[in-house]
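Pasting a structure here, questions to come.
When the chains are written out, they are named A, B, C, D, E and F in that same order, and each has its own residue count from 1.
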Amino acid sequence: MDSVLDLAAANLLSPMILFFALGFFASMARSDLSIPEAIAKGLSLYLMMAIGFKGGASVAQFGIDATLLKALAAGVVLSAAMPLIAYRILIATTSLPKVDAAAVAAHYGSISIVTFLAMSEILKSAGIAAEGYMVAVAAAMETPAIMVALWLAHSTGKAPEGKASPRSGGIDPEMVREALLNGSIVVLIGSFAIGCITGEKGLQSIAPFIIDPFKGVLCLFLLDMGLIAGRGLRDGARNLTPGVIAFGLYMPLIGATLGLGSAWLAGLSLGGSALMITLAASASYIAVPAALRLALPEARPAIYLPLSLGVTFPFNLTFGIPLYLALAGLIH
Amino acid sequence: MQTYPKKRIDIMIEAPLMARVLATLDGNGVTGYTVLQAYAGRGQDGPWHRDGVVGRAGALVQVFCIVDESRMDAVLDSVFEVVSRQIGIVTVSDVEVIRREHF
Amino acid sequence: MQTYPKKRIDIMIEAPLMARVLATLDGNGVTGYTVLQAYAGRGQDGPWHRDGVVGRAGALVQVFCIVDESRMDAVLDSVFEVVSRQIGIVTVSDVEVIRREHF
Amino acid sequence: MQTYPKKRIDIMIEAPLMARVLATLDGNGVTGYTVLQAYAGRGQDGPWHRDGVVGRAGALVQVFCIVDESRMDAVLDSVFEVVSRQIGIVTVSDVEVIRREHF
Amino acid sequence: MDSVLDLAAANLLSPMILFFALGFFASMARSDLSIPEAIAKGLSLYLMMAIGFKGGASVAQFGIDATLLKALAAGVVLSAAMPLIAYRILIATTSLPKVDAAAVAAHYGSISIVTFLAMSEILKSAGIAAEGYMVAVAAAMETPAIMVALWLAHSTGKAPEGKASPRSGGIDPEMVREALLNGSIVVLIGSFAIGCITGEKGLQSIAPFIIDPFKGVLCLFLLDMGLIAGRGLRDGARNLTPGVIAFGLYMPLIGATLGLGSAWLAGLSLGGSALMITLAASASYIAVPAALRLALPEARPAIYLPLSLGVTFPFNLTFGIPLYLALAGLIH
Amino acid sequence: MDSVLDLAAANLLSPMILFFALGFFASMARSDLSIPEAIAKGLSLYLMMAIGFKGGASVAQFGIDATLLKALAAGVVLSAAMPLIAYRILIATTSLPKVDAAAVAAHYGSISIVTFLAMSEILKSAGIAAEGYMVAVAAAMETPAIMVALWLAHSTGKAPEGKASPRSGGIDPEMVREALLNGSIVVLIGSFAIGCITGEKGLQSIAPFIIDPFKGVLCLFLLDMGLIAGRGLRDGARNLTPGVIAFGLYMPLIGATLGLGSAWLAGLSLGGSALMITLAASASYIAVPAALRLALPEARPAIYLPLSLGVTFPFNLTFGIPLYLALAGLIH
């Protein structure tokens, strides 16, 4: 237990978390600090490219085995199953309308890649190796939750169809294509593939760009995430009831538990398990909101965005990460 | 200089919906349209700012399109169908153009 | 399609003044507004360009707001109070909207 | 609040032409103008998007200028001369302003 | 004297100054070269983050002593006193209206962080250490000058109040809050604090991002500053009378002398003195203009911007820096 | 022949080309992946600054000789001569109107700096040195082709003058000034000069910025070029007849042959020859289109842009580069 607390303290006092906190409190204090959208997008592209490439190069070096398939399958099942659980809990414990409950559920089935990055850095600092293909698992977990949540919203029959044209509701193939080909996933998976192809040699040739400054760039990016999360919470807190906020804090723990089981079933290493738990515990705030605005416009972003960004994301980053690493230790 | 009366349709829409609105305009045979990116705003759902939004959701774009009056109703009807379930503000105003062939 | 006449107020203002203008609009109970970022311009004080400006001062933003005619004078009066000492251009024009409830 | 009728001229033009159009406006003694950067669009020559364009060519800017009606024809004539061989859309609309001296 | 000239020559032929000159002449020759606003803002955030963090980490390593408080106090006093001096000189030697004189005075009391960065680099190349907390002194010197100048403008009674509403004139608390929480200061002080907390270990973990490429990034940023300064001078020179231009050249020397005295009183090291002198000699072109557009809109940016950006900034960067370093040598 | 194939394979499987391919296929698959314009512009500035500076520093180290002048002269002659050849071929083999033929011809006389960068990287990986002043040759080759093409368009008399004002046609001095002072050229030549002045010492001081991460940044930039080229081809392919597409594939070979001759005449090294051949073979898609929109607006961008960007650029990057290096080997 000692080491969990040590880990937690070390995490809270790392530059990454402190920059996040700086952004968070700057927003709360209504500072005019902001990072231009173009820069934030550029940093995010860089992070996807770097993490994908490194994962691919590591696969090229250590090879793949049956665990890859098991981990992928576990990820997809988790992403599809968690919204069902989340939805039931929300209906039972909060007064959210069904359509909002389905929308929130989708976020918790999907993942936050930044939380994944933060866990990867913690593992790296602690000298714990992880399966390189976990980035592919991360990519695979982004979308299934959206499909399940849409099915929930429409099958429970309460989505107000109104005068909507057929193509603005339901799961149409165009939407699936869009979700699968969204920019971040393409860069992540594409860089992963390039890493696999060019291997250690390719990695060496661009290491001064994608490895050396990585952690510093992540700090700058987390400063921006802190600004956004703080703003989200500041503007959005009044829309969240205590029951909903509580959900944003315990649902990650439920996800983490399921992630732990999946990691164990798939036979992942300590580092891989920590990443799988983190993915399960994390909630989306990019891919899912964008998809839902198109496919489930009745669901209110003013509920799901502050919850995922302003409550769950900071919780995972600060307290979740050391806890999930400790959890992973239970099966190794 | 001789000018000709046309209608200008302005559609404020969330960025993730942009592709769908443009496809609708394409389907209505408008001769063209232009998109501007909005920077910040506030509506019934509260304020937003481009630099404070992650991903595409949340930020707005403004699509405008100069059309002949004769085509206006058809365009408005089909645009309205797309934006009726989402955030979307549509305005119409009078403009004069100097090249008639273009519209 | 049935449309309803409204007024569109456009306010060009230096970026550092934006927060103050938006607060004024908020205080006047307008239902919403949208801000665009200008790219370059020239006025009596000479030319400016977004890429050639340090810090926030110098660049302009354009705030627009669709309001009901009944509310227009109140909005104009209080906006004018804010911009009277600074650079600021305010225009009003007629538009038609398709969703009456929104404004 | 007392307002005064003016004309708003909007010129959509390819970015490489911007300097030329602004010089024309300067030469016509307009009191000022503002440029917005467009984000995407489609015309007879197909679609374009700011993030998908290399260099300056291809993207559009929108120049607008509030002028007195008395000056409008002169401005339109000389702008038209510049844009007649290029891509360029010019519209004119009615606006009311609150500070007469400025235009 | 020899070594001053050597230093001056070395400074003029350093990549930093040459990139500045490239930008300056490109603007003068009306090249269409420009750096997108978002990139410039991103570079500036990076520089604030890096300089703040490094300062903090150095404080963590070497500790603080009473000098810190003395230096902070000296900085605040300087920032408040210099506008008074500058104002008197301007009223006596130029025909500037009082409101413009007060506005210009505010700029010279406040500071230019880029000039500070350039001096830091020169010190680093010359192997001269400096107190890490000088970045905190820099931050503390940004705002007092603004308050004093507003008081000047309003107390000399000539600020045309006209039909202005009460909240657009005077020193209101909201404005003070805005000035203190402006983005650059928050990043600078926040990174300083993070550097203090995470110390040498934190610094090492992000050094490949914030230390190694620092000088190169500064070169690119100075290219942009050159473009902006050149454009400012090109478009604005016609608004400046010879008396005003001369002020832009000798006021830094007055500031430098006062800075020298303060450094001596505070007991700063050679490097710290050089930085203190540089801060006193430099003039703001970011924080002050933004604040004045709100609080003193009658003052003309067409006067104060070209003077600070197009005259004083280039002067300090090219001739000032070696001179200020030599001055610091007088008391060590 | 073996080694050419090896080289070709190595090139095709390098991270640079794979990132280009990733972008290309992402566009083709209509992914919404995009790189913000400001980031792309920033990356491009960085690349110009880095390549210019390195070239200059290498000139400072190895000195210059008569070859420099010969290479510059050869470059200018090539840039002016190739449009004449290209124009004739286009008129003879395609049904393009004269004005479009002249416009296309201008692109093939001018150069693509990114293709040049890619060749430089290949040379660096292969340990082949090249004359540092080749960046100056590259800059010198950008503009002459435009002048010749305008002369072609107007002298063949078929450019529809219509009601155009005199200043919107022909070669006016303002246009020449603009072309010579365009942003990329100013940064390239300016950084080259700064590299010459500050030499190896200057280079060392900013190497962690301009040398170490260079290849990685180029990969990210090529991802964007892939997106743009793919989009150009996707939207523009229908405007290109088979004859025109074929021209986009064999004209680089003609250019390469002329480049080979010039390199031989100028007495360039193996690396320098490979770069000269690459410049001759490459086609512009930045400077020339911008100039033509002003000076030859009747020419259709829908022809020349997809041809240069969507056909010739990918061809050069993938198959051209190893071939041109092999060609350079013929004279060494």
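Just so it is clear, contacts are C-beta pairs under 8 Å (C-beta built on N, C-alpha and C of every residue); 3 or more make two chains touch, one makes a residue touch a chain.
Just so it is clear, the structure is predicted and the values come from calculations on it, not from any experiment.
> What's the chain with its C-alpha centre farthest out from chain F?
Farthest chain from chain F, going by C-alpha centroids: C.
> Could you tell me which chain lies farthest from chain A when each chain's centre is the average position of its Cα atoms?
Farthest from chain A by mean C-alpha position: D.
> Roughly how many whole angstrom separate the Cα centroids of chain B and chain D?
Distance between chain centres: 19 Å.
> When the centre of a chain is set as the mean of its C-alpha atoms, what distance in Å lies between chain C and chain E?
Using C-alpha averages as centres, the distance is 33 Å.
> How many angstrom lie between the CA centroids of chain B and chain F, rounded to a whole number?
38
> Find every residue in chain A that makes contact with two or more other chains and list them.
If we look for residues of chain A contacting two or more partner chains, we find 32, 34-39, 42, 208, 212-213.
> Give the residues of chain B touching no fewer than two other chains, as numbers and ranges.
36-37, 56, 93-94
> Any two chains that touch count here, so list every such pair.
A-B, A-E, A-F, B-C, B-D, C-D, C-E, D-F, E-F
> If we count contacts the way the header does, which residues on chain A are in touch with chain F in the complex?
36-39, 41-42, 45-46, 49, 53, 177-178, 181-183, 186-187, 190-191, 193-194, 197-198, 202, 205-210, 212-213
> What residues on chain E touch chain C, complex-wise?
34-37, 40, 162-165, 167-168, 225, 227-228, 231, 235-236, 285-287, 289-294, 297-298, 300-302, 305, 309
> Residue numbers of chain B touching chain D in their complex, please.
Where chain B meets chain D, its residues are 1, 3, 6, 8, 18, 22, 26, 31-37, 61, 66, 93-99, 102.
> Spell out the part of chain B that touches chain C in their complex, as residue ranges.
Per the touch definition, chain B meets chain C at residues 10, 12, 36-44, 60, 62, 73, 76-77, 80, 89-94.
> So in the complex, which bits of chain F are touching chain A?
13-15, 18-19, 22, 26, 29-39, 42, 125, 208, 212-217, 219-220, 223
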